[in-house]
Amino acid sequence: MLDYDLVQRELYTGVICDVLDSLGFPNQAMEADIRPVMPHLTLVGRARTALSVDVYEVLENCYEKEIAWVDDLQPGDVAVGCTNRSTRTGLWGELLSTASRARGARGAVMDGYMRDARRITDMGFPVFAAGMRPVDSRGRSVVLDYDVPIVCAGVSVRPGDIVFGDIDGVAIIPSEVAEETVARALEKVRREDESRAELQAGMYLRDVFAKYGVL
Amino acid sequence: MLDYDLVQRELYTGVICDVLDSLGFPNQAMEADIRPVMPHLTLVGRARTALSVDVYEVLENCYEKEIAWVDDLQPGDVAVGCTNRSTRTGLWGELLSTASRARGARGAVMDGYMRDARRITDMGFPVFAAGMRPVDSRGRSVVLDYDVPIVCAGVSVRPGDIVFGDIDGVAIIPSEVAEETVARALEKVRREDESRAELQAGMYLRDVFAKYGVL
Amino acid sequence: MLDYDLVQRELYTGVICDVLDSLGFPNQAMEADIRPVMPHLTLVGRARTALSVDVYEVLENCYEKEIAWVDDLQPGDVAVGCTNRSTRTGLWGELLSTASRARGARGAVMDGYMRDARRITDMGFPVFAAGMRPVDSRGRSVVLDYDVPIVCAGVSVRPGDIVFGDIDGVAIIPSEVAEETVARALEKVRREDESRAELQAGMYLRDVFAKYGVL
Amino acid sequence: MLDYDLVQRELYTGVICDVLDSLGFPNQAMEADIRPVMPHLTLVGRARTALSVDVYEVLENCYEKEIAWVDDLQPGDVAVGCTNRSTRTGLWGELLSTASRARGARGAVMDGYMRDARRITDMGFPVFAAGMRPVDSRGRSVVLDYDVPIVCAGVSVRPGDIVFGDIDGVAIIPSEVAEETVARALEKVRREDESRAELQAGMYLRDVFAKYGVL
Amino acid sequence: MLDYDLVQRELYTGVICDVLDSLGFPNQAMEADIRPVMPHLTLVGRARTALSVDVYEVLENCYEKEIAWVDDLQPGDVAVGCTNRSTRTGLWGELLSTASRARGARGAVMDGYMRDARRITDMGFPVFAAGMRPVDSRGRSVVLDYDVPIVCAGVSVRPGDIVFGDIDGVAIIPSEVAEETVARALEKVRREDESRAELQAGMYLRDVFAKYGVL
Amino acid sequence: MLDYDLVQRELYTGVICDVLDSLGFPNQAMEADIRPVMPHLTLVGRARTALSVDVYEVLENCYEKEIAWVDDLQPGDVAVGCTNRSTRTGLWGELLSTASRARGARGAVMDGYMRDARRITDMGFPVFAAGMRPVDSRGRSVVLDYDVPIVCAGVSVRPGDIVFGDIDGVAIIPSEVAEETVARALEKVRREDESRAELQAGMYLRDVFAKYGVL
């Protein structure tokens, strides 16, 4: 199993995407509008997906699946919500963040809007979203199901995939290549450190590329 | 009349939108691209609207209505500008902010672009806008009229409505329900504080929801 | 030749665009989604353009022109990249920033995505881009050529034009009016300082406008 | 009850929207991308709504509600589908058209894509949609429920509202003003015939407007 | 003065844009969503511009300038309307078409929506627009002024410029090069007829290009 | 090898996409804005791809690769052009259509704009494109290469894949499953004919679905 704290400390999305490219997974970076509320925080964990759909009336038990999703989060999990890119609803907020953290979750990623950014920032709970809008989901959307395959901001996410987010955005590591991706990425970081040192020392890019074979 | 300083200190857009939902006003949150220049500042005040329209020549007296709008601002007012979502013009900037503050205005909200963000930040004058672009309105747009009904980023705003903006975005409270909205919101904040404390103590979301009846 | 440090210290994009308007160049401000990674930094320098195009296979020598572009940067240059607004590729990143700075370049502007924002921030190297996405260009895009005319975020840029970027966005000063633009802008800043002082002292905008003839 | 054949023969969307404006219902025209497959056909009938939501797996019984919706259509009904503007799925097609017509339905309106346009044209069954894409809904979307309130291309539609579509687009007449709208529209058509005759005879628009009070 | 009927019969937008390119006017083709209601009709005439702006209340005399614009049209004119790309209002319709034709106008081009497409088709009056929406301008927009410079679907249009529209879209010929553009275009049509004949006879494109120097 | 004429006569995009879904290829339908110039024509053939990129100057030999692409077309080929969704250039037109047909090509598909729609219609040459704009590629774009992998309107296309277009849009059949797709589709058409007959006879959809297992 992955050591999330190590991964979070040592890696960054760029190197992860480069490794995923080399493993034949070029479509793992979410679209660029998914941004962290706190750009200095890195998020790593296991995806726990939910599919939210827009509705146009207040349904009975409208929070039922949403509550079950959050109450079922385990330590190391990251809540990943697909709203089908809704611009009406606000799927995530402070109470869900507080409840998630109480279950041991490490953060949340939404392809739609969140709210309560100030309190979430005070909590230091990493949330990535397409923006903020101060509305509740009641009468706007319901969680149809959780632990189901989704597409979040252009990337397929299955329960158990690894979520990695930082200031550059969010990448999804398919669970079957998670260990290999991390191992290769740790190695690539070392080589980039060497290239960087050479560049800082004034070496030309063409010579660094000739020497290390990577940019 | 509302105590703007109290409202600004105690409330946030999320709770205001929840209360407006419950009062039958579900469309009061502006679209998510209207963002504060200074995310830590909250803005509350009375809407003073203006309608700006794009033009394609330099008109004589092109600043006339714009100047009158700003010079007519009163203490407690918030300048709210509709540009019909123009991406050409820059309706708001530092000189207008300086002039507005001198009249006692509390801030400004635009559905288009502003400029001079650095100086406005230095002033600590809360401005919410769709983005920044360093251009003047001259030859690009004119204020057609002020104190008229507008739609700003998807929300109807009439002169005298209450503007509430913070890091999550901007909500408009129709003047006829302003007092009731604020009263209910202050009450809801207290209940959320209790829910939050229970969640932080490890209570499951389903139990908190069963107990308090709200998320 | 321009004193870039003076220009960077004394001017801001708003005044530059106003002067360019008055000189008959109204289309010099890039579209509003081109944002600085570090909003407090101002960028001034000579444009060194490159044209990047999206491809759908890994080309041999795919970095050749990109490397040549960066290795050929001179002190005072700003790398300006046109990706034709690609949302697939990440043209700029930390290694290119490190290499550019080693050549004396002052910053970079892209009409697409960059990555490695954290390290670039640590370097204090001013980069302006349409967003962040943690992907490499390999298999996604190639630099077709450099030192060619481009359109970057709606503005024509020729090699040798002057780039000016700050928190409000990016403006391009055509090389043939660079000296005049800067001279007039320095003068306009002084007049605006006077207007501002009068407004701060409580003078009405109509009177300030009547007295100074500018907003 | 409305005589749909009379309404279809005598009225057009423009006059209906004008009357709805005058009755205080200004938001009844769908967005302009909802177009008829057969522009010469007019569609009138009672809305039978369905809400379709995008999913990312093949669900068991994925056609259950969709089948029930269509099998439950009655003579005079129009199937109105909300896909939340999905660009992935194709909610409507020829088999559903054939089944709907067998039930007596008069047509269909979708805020997403349809397919099988050639056969539907051969049938002469009026379908209005946001476009065509030759994909099935299986594994892409499911009908969550039917006979529920929806928003279709920007307009609220409740079961029982009246749908009116022609070459200019689709308007929804709220059921409570259906009779009055039709009565006033028939009257307005007569007045417009008179204005038109005067204009054709060469009268100036200002004189026609002065005489009839309408454009 | 141009012989509009000759131009309409002999030329097409493609050859006009090629000639305008060669004369140094590369930005004369409107954006591609401006489409003819009747694709088989060609429109040529003198631009009579109007600037319409969105408003959010019913203004007194809201039709005043719109009526004056249409009543002032002269034989050979084409009404060209800028709505700043409004998706709310319907600026053009059948009564305006009838009135315009009565004045001798040859057609209309709008950067927004029109309505009454069926009757306008029956009239055979060439209208080009961004789409159809069956709403009136009352309470949605007003004509601010006419015979003013506008930008229509990305192209600058001044009163007196020549409008040329056909199935491929709309081009604007600046008045100062109108005669030269037409003369060169008539000549280019002849050369293209020769190239086409050679291609139809089976000659390779490279040989045709070598021989005629044009594609 | 496929009998293109048979495929063209018997099949339609909907049944092809259903079969491709069942074979595990769900992303083969192009985005919905790729429309046929002549909706009644079906296009089938072998993809010959080209990658066009936007440029901002007139390059020497700017037509070189474009000419080679077209001159190299073989009987049964379909020219498929990727412009990276350019809205500036017009990649395809009548002379290229004439030259292509002379080589035996069956049609063309572009993810950008075409021109000369009237003459192409007169020729009866099937072209599918994102729209029309009457501009040439000179100074706007160049063909970078041909017979290379591309993405066209959201679908990966490799040289030799099968293109199928009709009124519902364009689908790409990967070459390795072309024979199987066609065989299954011919079979599925027969079953749909039976379902249709039952529905036309008044059978309920639920019973048809129970009997045939497909919609």
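Order as written gives the chain letters A, B, C, D, E and F; numbering starts at 1 within each chain.
Please note the rule applied: a contact is a pair of C-beta atoms (placed from the backbone, for glycine too) under 8 Å apart; a residue touches a chain by one contact, two chains touch by 3 or more.
Computed from a predicted model, the values in this text were never measured in an experiment.
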Strictly by the touch rule at the top, which chains does chain A share as contacts with chain B?
C
Where each step is a move between two chains that touch, what is the least number of such steps from chain C to chain D?
2
Comparing the two chain pairs, does C-F have more C-beta contacts than B-C, or is it the other way round?
B-C
For the copies chain B and chain E, the interface residues, called same if over half of the numbers are used by both and different if under half, are same
Determine the centre-to-centre distance between chain B and chain F, using the mean Cα coordinates as centres, and give it in whole Å.
49
Centroid from C-alpha atoms only, then distance chain A to chain C, rounded to Å. What do you get?
30
Calculate how many whole Å lie between the centre of chain C and the centre of chain E, each centre taken as the average of the chain's C-alpha atoms.
36
Please list all residues of chain B that touch 2 or more other chains.
none
Does the chain-touch network form a line, ring, star, complete graph or other?
other
All chain pairs satisfying the touch rule are A-B, A-C, A-D, B-C, B-E, C-F, D-E, D-F, E-F
Give the list of chain B residues in touch with chain E in this complex.
51, 53-57, 82, 84, 86, 144, 148-151, 156
Note: in the complex, chain D contacts chain F through residues 63, 66-68, 70-71, 87, 90, 93-96, 98-99, 102, 113, 115-118, 130-136, 138-140
Of all residues in chain F, which touch chain D in the complex?
12-14, 16-18, 21, 26, 29, 31-33, 39-40, 166-169, 171, 192, 195-196, 199-206, 208-209, 215
